[in-house]
Amino acid sequence: MTYRRGREVTQALSACSLTIPEGGWASLIGASGCGKSTLLRILADIVQPSGGSATLGGMTPAEARATRSFALVSQQSVLLPWRRMLENVELGLEVARADRAERRRRAEEAIELVGLRGFERAYPHELSGGMRQRAAIARALTLRPRFLLMDEPFGALDELTRASLNFELLRILEETSATLLLVTHSIAEAIILSDVVAVMSPRPGRIVHKLEIGFGHHRTDAMRDDPAFAAHEAELRHALHGDPGVTRPAIREPAFA
Amino acid sequence: MTYRRGREVTQALSACSLTIPEGGWASLIGASGCGKSTLLRILADIVQPSGGSATLGGMTPAEARATRSFALVSQQSVLLPWRRMLENVELGLEVARADRAERRRRAEEAIELVGLRGFERAYPHELSGGMRQRAAIARALTLRPRFLLMDEPFGALDELTRASLNFELLRILEETSATLLLVTHSIAEAIILSDVVAVMSPRPGRIVHKLEIGFGHHRTDAMRDDPAFAAHEAELRHALHGDPGVTRPAIREPAFA
Amino acid sequence: MPSDLSVPAPALPSLRLPGLDALALALRQVGPAALLFLSILLVWEGVTRAGLVSPLILPAPSDVAATFVSSAPRLFLHLGWTSMAALGGFVLGNTLGFALAVVFVHLRLARLTALPLAMMAQAVPIVAVAPALLLWLGNGVEPKLFIASFLVFFPMLVNAMRGLASADDQVAELLHTLSADWKQRLLIVRLPAALPFVFNALRLSACGCFVASVVAEWVASTTGLGYVIVFASSQYRMTEVWCAVLLCTAASLCVYGLVCLAERLAMPWRRERPGPA
Amino acid sequence: MSLTLSAGGAMAWRGAARVVPPALGLAALLAAWAVLTEAGIIAPYLLPKPSAVLAEILTNNEPLWRHGQLTAMEALLGFAIGNIVGVVVAVLMGWFPAFKRCVLPLALVTRGMPMVAITPILVLMLDRGLVPIVTVVSIAVYFPTLITMVRGLESADVEYHELLHSLSASRLQRLLIVELPAALPFLFTALKIGASIAFIVAITGEWVGASAGLGYLIVISGEYFKLAMMWSAIIVASGLTLVTLGCVMLVEKLLGRWTARGEGMA
Amino acid sequence: QGPVRLTVALGYAPNVEMFGPLYAVRAGFFAAEGLTVNAVPASTGVDQVQMVAAGRADIGIVGPEQIIAGAGRGEKFKIFAAQYQRSPVCMTARKDSGLTNPSQLPGRPIAVKIPAQTFFELFMRKNGLQPSQVTVTPIGRTDVATIISGRVHAMITTFAFNEPRSIEMAGVPVNLMPLAQYGMNAQTNSYFTQERAFADPAKRDVLVRYLRAEAKAWEEYFKDPAAAAKWIIDQKFIDGLDLDQQVFLARGQADHMRSALTAERGLMWVDPAIYRETATNLQLSGVTSTVIDTDSMLSTEILERAGMPRI
């Protein structure tokens, strides 16, 4: 997968291979700029890979998009500035032509879930960073998609809100048996929310390690205390970067000469 | 501090009082939407408080801004889309009318520091989320300000990059004896980067707890293993929300009826 | 020195009379302009009274006012004709310009084929072909409507095309992943994003449509302010000419004001910038 | 959900088929003109045949050239002056609200006044020739630029303003760094509108108050019922407008490439 | 003291109608009188009366209707010469409409140029008709297509040597109804200045020199009007002139410039009776509120001192 601007070419991804079984939960971790978002954008049919193939439940990304099989929470929570928060959350269902009452009901449910009650009538610029991110999550949740693609959805949230949303997400995934692909910077979060964690190397991004998390689908906060959790954490940290005590990011290939 | 839109009024902050000694490092933690960014924006002279006073080194925010005493890294890394990354990083010095060569030298230094070498000529939309955030940090660092106001500067970074930048920041703070006010969602980061951590309650934001971190200014990664670290973490977690196992954020005041 | 921050709870907002506030605001808003216009009027009156300008060229404003008072009904009748063509052209031209912009933004082939033609049409000096138009469309309001629409059309086309394509990439991607069809994208993203541009065009044509209508009447007509201008000036009845000119100006300003009002209502989400440095 | 990606891969290159549709459109227009006039559906006293106009352009192009040059000079000068004034006044309006409150109504009034009524006064004040026509064109051009630029200069996201504000940027810096780049798309819309009216206004101006230029040529040919000459002048005027418009769009495209933001839209 | 600069607002575009001033410039007749004359073309652009009133022109050449209308608005002018002895303005009718006389007008569609509206209404009244008895189509200043297309039967006003010929060249034969024959005569292309200027004897001397030079040019003209037309074409004063049309105009115009009065007193002589008729008509049509006293506006002093040729 390459990006080009004029004669300059950035190779963002090279050989990547990852298969998530239907209903499975996978996380993607990797250094900043290694191509995680690009990978999600390929699955969401936003960019076309210059080589290779991506499928969601046997469909190409384009088909999956056409059948509204996935929902994407992108890295910068995109809200339409001219719509109030509630209208922004309703957007997905509105586009899918859901019934008005149903749409409102599901949006209010999702808003309640992410803790934004009381801000329905606020415009995006009147929300704090974390509130905007939660609104974007709520919008994806209203859709009850088969595949949930989330790009650092909890990045701007405080630990508590984050933990609470983690568990809400797990509950929803179980309820709807959706498949999850999550990009996160928190190794702990990756372990808590996944069956499998894939580790990407810096550019050109490659999946260099995959770790099965054997916790089953009924997770509790207690699993943090499981010795396996710490072992997973150590393994992933190691996979991310041989030496855990590194002080510099290792992304140094000049691409824009 | 209140925001108003038409007849609707949101009280974002109520009695807050925090004093950071010159050269001191303070962190602000609190639930999403509690008013941390608002507080930083008051100090940066972007919004006027409807009551109360803010001073930076004895100056009002307006004076501090006029004398270019502070640099702000805002929550959404604001880069001008029509400028290349290098030009964006140079922006602060350009506005301060620094000499062209000096400007370039300091920008390149800061870019090196945040690990963005090789992307100088990329436009913001060609950077990943974390890279954009690092560019914004680099822009603030070129200014070598007396006061550094940072609003979740490392939110979009992976653990390694984050840790590396944490220590770079500490080094710079020591070198320039700058005063730091950092908003963060990571309790650990707050402890690592602060002399004092202030905890804000949900809206209307109040500073409900202050914790002195007695680690001095020469910090190493080893301090994570200090038993005091764990104690601090627990205390802050407790201050943030009485019960650490809470599953819902507690932000429920209807403000937009 | 400590960097100190304290923000106590805000005081209650003080009581104010909204009516008085509005009055003060209005005064502040229109005060300078009113003063400017008043001084222009005074200078104008002085210059003409002193005989520095021939009354065949510029009449005194007081004489203009007198003529206005004495022939107001007739003038307003002509204003009615002009307004009909102007406002009709305003609606028609803007609708057409906007509709074409929508088509051009969606259909590449249409854009490549028809846009150059639209530009060529726009390039034709309309006053030069006005006589032919009058012959084709008759002497009623139609040719004036046509000319007003014609001059209003292009600014809307250009603005709307730019506006419809102005939505941010990220928003476009969001709608793409939601698998929105073109109609939804149009309604949900493109239209709101285009609003500032659309209102820009409307502001331009608010003034433009009256001028266009007058030009059309000026070529050949027996009704409308354009006719008054040609006919009265052929007999050097300059006070009447100026009545017509000022009436046309006032009507444009009214429409402009309405457009601004509509704009404010249509875009409540726009926010203020921080104060000047 | 599965994903397998490999490196590399080529990109498709869009064909140069951009030229064909507009050429076809133009050809269709010309053909319609030819058919309608040759078949006598449109009488020659309304619209001469394309062959007659072509013959006129080929054999008698000296006056077209001479008057065209004058009109082009007037229109382009007025275009330049009007745009410069429009941009400068828009900037000043952004800087000084009191100035805006004074000048905006004045601008609206000048635009709301029918030019055909004002041109004679300008001619009497400034004497016949280049100056009054350039003035009229400037007045007509500056208004769209002013209104559009006022909006364009306000169009930058608040975030950018907050950034520059916190950097304690001067007004000029804010203008150069944020407002002008953000206003560029607006400026080009204004330039296109200006380009589309500059020649029309110049011609209308010449019509009312000049003794040379394409507008004058059109009137005088009309007076003697020389339709081939009149339509040649009309076509030359349209061509000049199109060339100006094309230049504006070209510059826009080039700038768009450098700033990597232009959508390449008209 | 160099040559005196003088601006003349011509009565029309620089064609053979304006042969006098144009030839006098190029032949050096003005220079010989110590004048540098700037001849400003008319037809497009600001009206001559406004130019003279604004001081943009020293001498204006225009229809007396306009001068009198200007006088009715409070300006003071002096008329010191007149090119045409008889108005060349007429109503032009399609031959196939059968219109030869105003009495046939009721019920007909007529094209009227907006500034000529009052002329038209007066023309109707003078012939015992009401303006409402015809259907009026307003047309543009140069529009002959409306009558050629057959949408109207006649148009007003037209200039005897211009529009009728254009219409016939387009294949539509016409009849002319000269206004002079229907009670609306005028000494078209009257020469006038501001009264204030005329009061100055020095300025009057300049006018004498001016007219003397122009008279010389007109003498040339009357030797061979067709040659004059050809000279105008060759000099390329403006574009779009046609030799046949100019010859046609030159011949017809020669006739309109001559009368018993010019034979007796000299070329360009003013006839107070015709001006009185014009002023009365203007009052009747409502252009002026009173009958303007034209006798006091006229002066033959310049004509007398210039020694106009008797033709």
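Labels A, B, C, D and E are assigned to the chains in the order they are written; within every chain, residues are numbered from 1.
The definition used in the following text is that a residue touches a chain if its C-beta (ideal position, glycine included) is under 8 Å from a C-beta of that chain, and two chains touch if they have at least 3 such contacts.
Everything numeric in this text was worked out from a predicted model, so none of it was measured.
Novice: Among the other chains, which touch chain A and chain D together?
Specialist: B, C
Novice: Given the two chain pairs C-D and C-E, which is bridged by the higher number of C-beta pairs in contact?
Specialist: Taking the two pairs in turn, the one with more contacts turns out to be C-D.
Novice: Please identify which chain has its centre, taken as the mean of its CA atoms, farthest from the centre of chain A.
Specialist: Result for the farthest chain: E.
Novice: Please compute the C-alpha centroid of chain C, do the same for chain D, then give the distance between them in whole Å.
Specialist: 18
Novice: Centroid of chain C to centroid of chain E, CA atoms only: how many Å?
Specialist: 42
Novice: Averaged over CA atoms, how far is the centre of chain A from the centre of chain E? Could you give it in whole Å?
Specialist: Computed from C-alpha means, the inter-chain centre distance equals 86 Å.
Novice: Please work out the Cα centroid separation of chain B and chain D, and write it as a whole number of Å.
Specialist: Comparing mean C-alpha positions, chain D is 48 Å from chain B.
Novice: In chain D, what residues contact two or more other chains?
Specialist: 46, 120, 124, 158, 162, 164-165, 168-170, 207, 215, 222, 260
Novice: When you check chain E against every other chain, which residues touch at least two of them?
Specialist: In chain E, 47, 50, 54, 142-143, 145, 149 touch at least two other chains.
Novice: Using the touch definition from the top, which residues of chain B touch two or more other chains?
Specialist: Residues 46, 76, 123, 125 of chain B touch two or more partner chains.
Novice: In the complex, go through chain A and note every residue touching chain B.
Specialist: So the residues of chain A in touch with chain B come to 3, 5, 8, 10, 29-33, 35-37, 75-76, 115, 117-123, 126-131, 134, 151-152, 155-164, 167-168, 185-187, 221, 237, 240-241, 245-257.
Novice: Note which residues of chain A are touching chain C in the complex, please.
Specialist: Chain A reaches chain C through residues 41, 44-46, 65-68, 70-72, 74, 76, 78, 80-83, 91-92, 94-96, 123, 125.
Novice: Residues of chain C touching chain D in their complex?
Specialist: Where chain C meets chain D, its residues are 28-33, 35-37, 57-58, 104-105, 109, 111-117, 119-120, 122-129, 131-132, 135-136, 151, 154-155, 158-159, 161-162, 165-166, 196-197, 200, 203-204, 207-208, 210-211, 214-215, 218, 225-226, 229, 233, 241, 244-245, 248-253, 256, 271-274, 276-277.
Novice: Looking at the complex, which residues from chain D come into contact with chain E?
Specialist: 43-46, 63, 66-67, 120, 123-124, 127-128, 206-211, 215-217, 219-226, 229
Novice: What residues of chain D sit close enough to touch chain B in their complex?
Specialist: 159-160, 162-170, 173, 177-178, 181, 259-261
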